[in-house]
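Report on the structure given below.
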Amino acid sequence: MKKNIELKIRFELVREQTERICEPLEIEDYIVQPMANVSPPKWHIGHSTWFYEEFLLKKYVKDYKVFHKDFSFIFNSYYNNVGDRVERPNRGFLSRPPVREVVKYRHYVTQKCVELLESSPSDEVLDIFEVGINHEQQHQELLVYDIKYILGTQPLLPVYGKQFATQKENEAGFFSFKAGLYEIGAKDLGFTYDNEHGSHQVYLQDFQISKSLVSNGEYLEFMNAGGYKDFNLWLSEGWDFIQKEKIVAPLYWSLINGEWYNYTLNGFEKVVLESPVQHVSFYEAQAYASWKGMRLPTEFEWECAADKLNWGQLWEWTNSAYLPYPNYQKAPSALGEYNGKFMSNQNVLRGSSVATPTGHSRKTYRNFFHASSRWLYSGIRLSK
Amino acid sequence: MKKNIELKIRFELVREQTERICEPLEIEDYIVQPMANVSPPKWHIGHSTWFYEEFLLKKYVKDYKVFHKDFSFIFNSYYNNVGDRVERPNRGFLSRPPVREVVKYRHYVTQKCVELLESSPSDEVLDIFEVGINHEQQHQELLVYDIKYILGTQPLLPVYGKQFATQKENEAGFFSFKAGLYEIGAKDLGFTYDNEHGSHQVYLQDFQISKSLVSNGEYLEFMNAGGYKDFNLWLSEGWDFIQKEKIVAPLYWSLINGEWYNYTLNGFEKVVLESPVQHVSFYEAQAYASWKGMRLPTEFEWECAADKLNWGQLWEWTNSAYLPYPNYQKAPSALGEYNGKFMSNQNVLRGSSVATPTGHSRKTYRNFFHASSRWLYSGIRLSK
Amino acid sequence: MKKNIELKIRFELVREQTERICEPLEIEDYIVQPMANVSPPKWHIGHSTWFYEEFLLKKYVKDYKVFHKDFSFIFNSYYNNVGDRVERPNRGFLSRPPVREVVKYRHYVTQKCVELLESSPSDEVLDIFEVGINHEQQHQELLVYDIKYILGTQPLLPVYGKQFATQKENEAGFFSFKAGLYEIGAKDLGFTYDNEHGSHQVYLQDFQISKSLVSNGEYLEFMNAGGYKDFNLWLSEGWDFIQKEKIVAPLYWSLINGEWYNYTLNGFEKVVLESPVQHVSFYEAQAYASWKGMRLPTEFEWECAADKLNWGQLWEWTNSAYLPYPNYQKAPSALGEYNGKFMSNQNVLRGSSVATPTGHSRKTYRNFFHASSRWLYSGIRLSK
Amino acid sequence: MKKNIELKIRFELVREQTERICEPLEIEDYIVQPMANVSPPKWHIGHSTWFYEEFLLKKYVKDYKVFHKDFSFIFNSYYNNVGDRVERPNRGFLSRPPVREVVKYRHYVTQKCVELLESSPSDEVLDIFEVGINHEQQHQELLVYDIKYILGTQPLLPVYGKQFATQKENEAGFFSFKAGLYEIGAKDLGFTYDNEHGSHQVYLQDFQISKSLVSNGEYLEFMNAGGYKDFNLWLSEGWDFIQKEKIVAPLYWSLINGEWYNYTLNGFEKVVLESPVQHVSFYEAQAYASWKGMRLPTEFEWECAADKLNWGQLWEWTNSAYLPYPNYQKAPSALGEYNGKFMSNQNVLRGSSVATPTGHSRKTYRNFFHASSRWLYSGIRLSK
């Protein structure tokens, strides 16, 4: 199949999938922003549309007529090169354009993109489509996090559906690896981000890595042993964080009559002890590991072990800071604002999650969040 | 007509009017809360419903079945006696219940109230209905302020309609009053709030009060003369306020190519010089008066002059603090939280505005807001 | 005695008194600023010196040489007309000039002022000296508050001395007053501030006012009855204030093994039940009165009753907002920034305290603080 | 020489050196804390004393009598295991104990330590003395930073002295290194911290590293080229940081009539173009490197190149996050709170500075600060 037709098919599938994720929502759910890091679903569906309009249609379609002159201001996320924008914490103040208008915008841009793809465009255009598709897939995963946060903070705790649920894991024990030079980073097979480019060698010491993620039951032992009260287990910033935010359990957990419940997309229910613990910050992951007398893996250990691991239910916090690989080069132009500029004070997570779109995971993928983030689909794997 | 039937008719009209105010809105507009003092329209229509359920239906209707057990938590405003509630700044996080569910709640309660009213209830019940109707009328006015703020802060500046527009005023000059004892406060004719009860004498000095409100054109002279830059005109807190908030004009004004425009409910348009200046804080009103070598009236001077004044386009800032009248008694029970507990650090406004519901204005009415408030329908009348 | 000589004697006594208040301090105590409203003693002794230099010596002494060109920037308080200044919350960052240099500055200016006074200056100059002396006396009282706060928040709780202690009060009962017109405000006998000028009539209703201030023992009854936990007793802002600040007792009180202690300038000691309760905010005073089924007097009631009252141990919170009297005129020039610009969101206190300098109290004096202030020498008198 | 005698001599020299650093100060300078990260010199001299009392005298001297029971509360820094303490941002509120009392405390503890050292104590005791000496040396360097910040933010810009000045550097060009395995971390020769333990191999790619630090003149070119205005050069957090803090030049720089001046410990003077640029944050270092088309070295590259570099005028920002080495083990007990708990969101600096005490630098030393820190003696070395 020709590359443009293959891309067109993937493009259309991705566009549909974004809409499918939003299907269980009420119009009202598209609008709210209960914390600054959470974007309203309306914004996601507009922004993942704007990206194609801005970086493809405006540049490569002759006489392209923008859908609405103000939408670039409304749906730009953080691209300084593209101009001013609604400040992130204010996205939840936007009642207009109404959802149906954003959906119209979405369909208009989808249609124009399909036409562009069918016109046998240059490789440059196809490459940007590839970025756009991957960009939208990232927003699909964020959409799931944000929808869960929006619904999970409603007093009425509404049900979304059984999608995106995790399964029990139960393989005990550790895999062992020998010290030596290992190859890290993406080689050129399929799309990868600039932050994983530059395949290079890393010297690792002997290490062991656990076969399963830490379960809710194991995490409860930590809680019951006073883990949230023993400062010696915590990083200094982590301790300050849980004091200030009064955190005593993973996000979405509530203690009711002595039993732990949690909000899931399928409603409010008892914590399932055998499922992997979810919605913990890096700080909590690190404290748990410390309590076990172990540690979190580095991102290099993880990548080296990936082929043996059964990964993919939850993103796994590593003890690696998000930093450039040797010879890292950021892309030119606005697309260069994609990864490099976030390389400070973030932690790398590796793997993928039940919310990760099909085809959007690989062992070299470097996800990153601030150490205090809890609304993502994060879990804990131990190392020693 | 029997009192209960008369109340029923008024009750139904008021219920309809709240819904009429919301008619031009999109569903999305019902949800957002662009600043803490602004409540989402959905919240207003729920809260003005909850009030009857809480204070009437639950107490006086045998076997009354609440519409939803969680709505009391969601739609209570500030009544500590009634229990916990969603914190005011978080009202804009509520996507659920969806609007159509709140409308159902509204109709359910309206219907139950009509039945209660038709059942010839006690005077106690009728009195609380009277409070409920007046309470809802207050929220109707707040709804207009909040809708204007919500729409006026959208990048798309949508049009609502021609309702609630002000007219030009043009009677020059002042009315004069002689020093002496004047009667202040409500005597028992029709419904009044506890804060205006206790008719009593106040001794006033000679004073003069202007026949018209200050116009946009007059206010522009103050702006052009550097009024926002001359600290000697301002109260210390007012000066700090405009510095911190970078205020250089009334709310909703924008300078475009040397011309002043403002957002009105009918869209974004040139400032009409002859209309009364609107959306100024107490601090701006005071600074303007100071620049004119005059002052704002006290609430007592205003009430004494009211019969001669042509009032009603905009609430008028007075230089009176909101304090209890002699012998003020707050109502017992939760309804006692209505007025008295706000009697600190607020300024009294007198009169009414184009957004005030018919039948909800009288010369003894004491409205009150913080000195920095600008989103209400406020204007300036001078005194000397 | 000639007016200038009489003023010179008073001037010298006041200058000495400021220094006497600071005598028990360590050099280190002159420097710190444990909260924004508290100024370091070094700043007070510099500022009360700068006032004479700025408003007298620079203007009326030919070829006057300022002591140091930067001291105007350092020791100006809030006079916008005089230019830039160190921001109030940053006064505690100033280690330089060292205290001995400020004392030199102080003596230099004192000497120059004495020379000016001895030169038979104009009445205009003498009037400004009068303001300067009164200004310094106000700072003497603030010095006592600030010293107490500085020492009382040291972990070592150092002893200052037995000065400024209160006595027990024990006259029970109330004085009664009849409704009628009463004369309020200062007539021209001796120095008074612009905010008390404009003697005018006020009509008061019948009222009663208590003979003694509320005692610590009485206040403890309120505390023990759960006064700090019953929101119905509090103004809405007061309730928010004590929640946010976690206030459960007057400032400087600590519960140790079931007994209440408090820091006094004479050290940390058991609360004396018969002494008047001190260091309460307006909100606490109001809540206490509400618990007693009474209220706080207005400033007009207080002034009308003053001749019968035995006042002077503590400033008494009134339920009057600090607002201009009829025909209030602020002074021209920088001295006009003295009172008028603070006339919003402050409460009037009447009387005087054990920290008030001799000769600086009178029944028409209007003191004012924000409702949440607790570090001043404030107490409670009831009215009904 | 016996180990205890050798330590005694070093101990005494270090104790004297701390006092020598404070010699040019006024008493007042010991007290103030102009930002939360800066500690008052009084606190440093108390804290570096408390450390010996807490970890040595209390444990190893029979019947040791603490100098003052409250000093542990006052002079503990962040050791949760040792108990409560004055919150860091409140250190500048402590006027008591006065400086002379802290000096007495200091001499008392010094004397007791000398006695302990002379008593031929166990190796365990000698090891803790080693930590205590190194700990005090770290505070000596912080003292210099903090003194500079305290004096440099005084409006009077006082002179401290010519100590701690930098020299010009002028060796152009780069050293080149070949890819390969390099040994990183401390081997057991003399005292080292736990964070540099665990000598291990690291695989490095080819790299080059500059022979000199970036000079003020070179940095000015970046400034003049609009470096502080081009968001493409900055990390996202760095850009937000300089916007929020309105940063347009290194700390202590002022533009006066078109010429750049800076505060140095020797007073306010013109920026010397040939000296290394100082007082830049990691963000500024990174943006400068980005503007040059280069990057900052990693800490491993730096350590590998150290023997060739002429380092020691300023700490050099690396692009390495402060993370544990393989097999990192934190020390048991309270001393374990020394390094490990800070291993999140900090950047490593390597080398040393003119403010580093003699004998307290080595090529394996890992210094760390937050990326926004500017008051330390930091500079920029480039890599590519």
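Letters are used for the chains, namely A, B, C and D, taken in the order the chains are written, and counting of residues starts over at 1 for each.
Please note the rule applied: a residue touches a chain if its C-beta (ideal position, glycine included) is under 8 Å from a C-beta of that chain, and two chains touch if they have at least 3 such contacts.
Here the structure is a predicted model, which is why all the values come from computation and not from measurement.
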Farthest-lying chain, centroid of Cα atoms versus that of chain A: C
Rounded Å distance, chain A centre to chain C centre (Cα mean): 58
Distance between the centres, which are taken as Cα means, of chain B and chain A, whole angstrom: 45
Chain B-chain C separation of Cα centroids, rounded to whole Å: 37
In chain A, residues with contacts to at least two other chains: none
Touching pairs - complete list by chain label: A-B, A-D, B-C, C-D
Contact footprint of chain A on chain D as seen in their complex: 78, 80-81, 181, 200-203, 205, 231-232, 234-239, 282-283, 286, 295, 319-321, 323-324, 326-327, 336-337, 341-345, 347, 371
Contacting residues of chain A [partner chain B, same complex]: 26-34, 42, 70, 73-74, 86, 90, 92-99, 150-151, 153-156, 158
